[in-house]
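First chain A sits with chain B, and in the next complex the same chain sits with chain C.
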Partner chain A sequence: MTFGAEHITVRFGDVHALQDVTLDVPTGAVTAVVGGDGAGKSTLMRCLVGKVVPEQGSLRRPPKQQVGYLPSGSGSWRDLTVDENVEFVGRVYRLSRSALDGRRSELLRAAGLLDVGNRLVRNLSGGMRQKLGFVLAMLHRPALVVLDEPSTGVDPVSRVELWRMIAETAADGAAVVMSTTYVDEAERASAVLVLDEGRAALSGRPDEVIAAIPGRVVQVAHPADRRHAWRRGRSFHEWLPDGSPARGNPVLPDLEDTIVAEMLYAREVSR
Partner chain B sequence: MTATASPTLAATHRVSRMFGDVTAVDQASLEVRGGEIVGLLGANGAGKTTLIRMLLGLLAASAGRVELLGRAPSRSSRRRIGYVSQSLGLYADLTVEENVQFAATAFAVKPADITLHDSLSEVRHQLVGDIGLGRQRQLAFACACGHQPELLVLDEPTSGVDALARARLWDTIHDQAERGVGLLVTTHYMQEAQQCDRLVIMAAGRVVATGHIDAIVGDATAVEVRSDTWARAFTALNDAGVPVTLAGRRVRVADVSPDAVRRTLTGAGVTAEVEEVPATLEEIMLVISRGHDRDPDL
Partner chain C sequence: MWAMIVKEFRELRRDRRTMAMLVGLPLVLLVVFGYAANFNVSKIDTEVLGPQAQQVAARLHAPFDVTRVDPSGTRAQAEDDLRENRIDVAVVTATSGTPVVLVDGSALFTAQSAVSALHRAGSSFQIQVLFNPDLKTSWVMVPALIGLILAFIGTIITSLGLVRERQAGTLEQLAVMPFRPSDVIAGKIAPYFGLAALDLLLVTVIGVVLFGVPFAGSVALFALAGAIFLLVVLGLGVLISTVSQNQGQAIQTAILVLLPQVLLSGMIFPLAAMPWGVRWIGYLLPLTYFVNISQGIMLRGASFASLWPSYLVLTVMAVAVLGVAILRFRRDLAPNVRAAEPEPAAAP
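The block that comes next holds the complex of A and B.
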């Protein structure tokens, strides 16, 4: 089964938050949505959970009771303890006492939060808070899991643990979609959608997306066109549009190079 | 390498800081030279912020010595440095221009000393709250550079922005380094770590690794598992309690030998190709932190 969005458009006043965006979210896999601030990631996530209704296009999602959602930047109640948060969400989903108790210890143990049940959420570290938000989104074993920037503010060590939990959810058969601003994180997913100003700039398996890069990327000490160049440590990577004369050392572009090249290309075309 | 010939702008020599019984920073030494970009990495609670606050003289060290521009940190030495926090310190209800005027007044420079790139000039009369995070980060950076600081401290300078905005921010950061400014950058991300000349990695209050990213990753390896049934491979390894994660449709394991991974998979009846591959920085950091007692309270 594949959830997702087909050709959806969302407008807030005059602003197109999303324009003709299509995203597949298959079960048993992690799908990543990448973009910066204002690219439309949160709007897309909110469409997938039914909080925003697109003016055009269609959505494929399970009934509300089978959706789990971690909103960006929150997902738990700061003035309640960890246990109270779990209790509250469990009641919202009308989990039976035995189901809730079983699920609580299973998930809190996996998240490394079993020993801090009595602690107020406001006193948890950012990484622990995000892991708790994830636990709450997962409590009712949803078929579709929507995570809006789950790893923002999470340190690298906690991020590995968070990713393990996300992968575990997909391995258990859920459809997982997560948004991120970091491309190296998106490269871990089975498929990525890159949003740029509300439009789908790129989509597919990371290796397919990289293979479809417009033009070429070379490594140079002194770029011919600074507008087409970006730093990699002390040297530059430079994008050569199709038809440009060869120069520099060809590099195998990564997803970050590919997205920068695509964004430069899109801006050239629109100009 | 020019960086090693340049003067030391800031250094801590075996500094420690106690908060009650808790040792937040434990004999940490760090150095930033002119023209050098130093990345400071570590888990939350590893002591990065405490170390930076001591370096800037905002917090006294319990032990050890701090040197900022050749002497103990003071108000006058702090005037010669620039700092961009994660929260950026801009006024969202003021225009770009007004923020520039405010920063110029605060640093006792002329507004014209704060150089705005084209992408900022074209929005100079808009409210900062309306210009998007990428431009806000560029503006905060420009405001912090107006008084021509010799040392810049940047807290996760590209967090939240898109790939192109991140590329442009790093252009600006490298431009400063090429002018001889020393930069200390905290980050949680591999992409940013790759931009640095040198990394300093902290765990549990101590500096546990220092050097270029290639030297730190060095010959360290992780194990990559390819299987038609990645989910079963993942579940088998996860159930075995090893630090396992996902990379596309492959599964990666840090800090465990390929043979142990093979044994676990065979035991679970999973057919898979197991290969030793170069470790990522994240995996190195995981291994480092597993080697230290990590206090979950911090």
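The block that comes next holds the complex of A and C.
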């Protein structure tokens, strides 16, 4: 089964938060939504969980009982302990005592939180809070898991652990969609949607998206056109539109290169 | 430093609540203290009963405002009129002997004004203060303070509890969980209602035991008034939470809502002593009606027959305030396209 959105448009007053955006979220896979601040990622996530109703377009999502959601922020109650958070969410989703106990042990152990069950959430580190938020979103084995920037502000070790949990969730058969500002994370997903100012700039499997890069990307020490160049390590990568004279060392572009090149291409075309 | 000053003014200009406290509050305080802060009651509703009623009534001058003269009236009628708050002072005359002036001690400042006016006149009246014979301030303040404490708890604690949910970003999570909006609202309000009800009981018992305040009337009527008043103040708390993005804003707004109730509900300054230009504000405040009921029941043993208008106003307020609050809160939980607004960033 595939959840997702079909040609949805969301407007806040005069501002289009999303414009004609389509996203497929298949089961058993992780779909990433990438974009900068204000690109519309959170609005798309909120549409998928039913918090925002689009002005146009349609949504494919399971009933509320089968949706798991981690909003931006930790998604847990700071003045409750870890165990109390789990118990609250378990009761909301009407899990039986035995099912809740089993699920609590399984998920808290996977998240490395089993030993801090009695600790107040406000005393947890940011990474631990995010992992707890993920545990709460996953507790009732939802068919659709929506994660809004789950790894923002999380330390690298916790990010790796979060990714492991996200990948395992998809492997267990859930449809997982996550928004992120980290392109390296999106590259690990089965499919990616790049949002730019509320519009879908790119979408598809990461390798397909990369293969469809417009023009070429080269590595240069000194860019010829600063507007087309971005720093990568100690050197620069520069985008050369089709038909440009060859220069620099050609590089195998990754998703970050592709997204930047696509944005530059879009600006060239619209000029 | 100049840059800092400019930045501060720019921030202040956009912070409407702080501006309201900076500009509005001094003006309100000035007007209130200028006009309302008056303990001297210049008009005291008085009835004169008994065989000598006409003659005695003719001897009464300001501040006594004789509203009823009944030669066939009795002391029992006079006490009943005082209990049901139909008048402030009753003069009971007999065919011979000194007329007895019955004063309603539950209206403290009115009673004090009446007693001092009678003493000044040097007249030969026998003065009896009912319901609060020693004119103790605590007896009058405790029933009013019960209302004020409930208003504080209901308004501030409820709004803080709801705003905490919004500030932490968990309100959005509740909105997408398999709850009905009414479940979320009831689930959020019920604990505060229960706690405030417990507070009502505690404060009342402590007031009675510690300060010796009498409880002359019906406990059930008092509990009913407490429950209705709680619904009003809880509704105010929910309403404040829907217009506040963080706990600081909620507290500021709650103070702006509570301060007029402290000053203009009649619990400190008697409504009767306020000019109508200010007094009408008092009649828009729920605490005014709860104070009327609590003082009436606890001190005078007043019955529903005389208190029903206050119950009615409080009930209308409860339905209106809670209704609007729930509608606004529902909108936060289940937005539609028109109501869709970008969610503010959650606190880290």
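The rule we apply is simple: the second predicted complex is superposed on the first by the 271 of 271 C-alpha atoms of A that agree within 3 Å, B and C clash if a C-alpha of one lies under 4 Å from a C-alpha of the other, contacts with A are read in each partner's own complex, and residues count from 1 in each chain.
Simple rule for what comes next: a residue touches a chain if its C-beta (ideal position, glycine included) is under 8 Å from a C-beta of that chain, and two chains touch if they have at least 3 such contacts.
Everything numeric in this text was worked out from a predicted model, so none of it was measured.
Enquirer: Kindly classify A:Gly126 by the partners it touches after superposition: chain B alone (first), chain C alone (second), both, or neither?
Expert: A:Gly126 sits against chain B and chain C alike.
Enquirer: Taking the superposition as given, does A:Asp155 touch the first partner, chain B, the second, chain C, both, or neither?
Expert: The first partner, chain B, only.
Enquirer: After the superposition on A, what does A:Leu264 contact: first (chain B), second (chain C), both or neither?
Expert: Touch status of A:Leu264: first partner only.
Enquirer: Considering only the touch criterion stated at the top, classify A:Val92 as touching first (chain B), second (chain C), both, or neither.
Expert: A:Val92: touches chain C, not chain B.
Enquirer: Touching A:Thr180 in the superposition: chain B (first), chain C (second), both, neither?
Expert: Neither partner.
Enquirer: Using the superposition on chain A described above, determine whether A:Thr31 touches chain B (first), chain C (second), both, or neither.
Expert: neither
Enquirer: I'd like to know which partner A:Val52 touches here: chain B for first, chain C for second, both or neither.
Expert: second
Enquirer: Which partner reaches more residues of chain A, chain B or chain C?
Expert: Partner with more touched residues of chain A: B.
Enquirer: Can you pull the chain A residues that chain B and chain C both touch?
Expert: 126
Enquirer: Along chain B, where are the residues that touch chain A in the complex?
Expert: 41-46, 132-134, 159-168, 170-171, 174, 188-191, 194-197, 230-232, 234-235, 238, 243-249, 251, 254, 281-283, 285-286, 289, 294, 296, 298
Enquirer: Name, in rising order, each residue of chain A that touches chain C in their complex.
Expert: 10, 12, 17, 42-43, 46, 49-55, 63-65, 67, 69, 71-79, 89, 92-93, 126, 153
Enquirer: Taking the touch rule as given, give the residues of chain A at its contact with chain B in the complex, in rising order.
Expert: Chain A residues touching chain B: 28, 30, 34-39, 112, 115-116, 125-128, 152, 154-160, 163-164, 166-168, 170-173, 181-184, 187-190, 196, 205-207, 226, 230-234, 256, 259-260, 263-264.
Enquirer: With touch defined as at the start, can you tell me which chain C residues reach chain A in the complex?
Expert: Where chain C meets chain A, its residues are 164, 168-170, 172-173, 175-179, 335-337, 340-343, 345-348.
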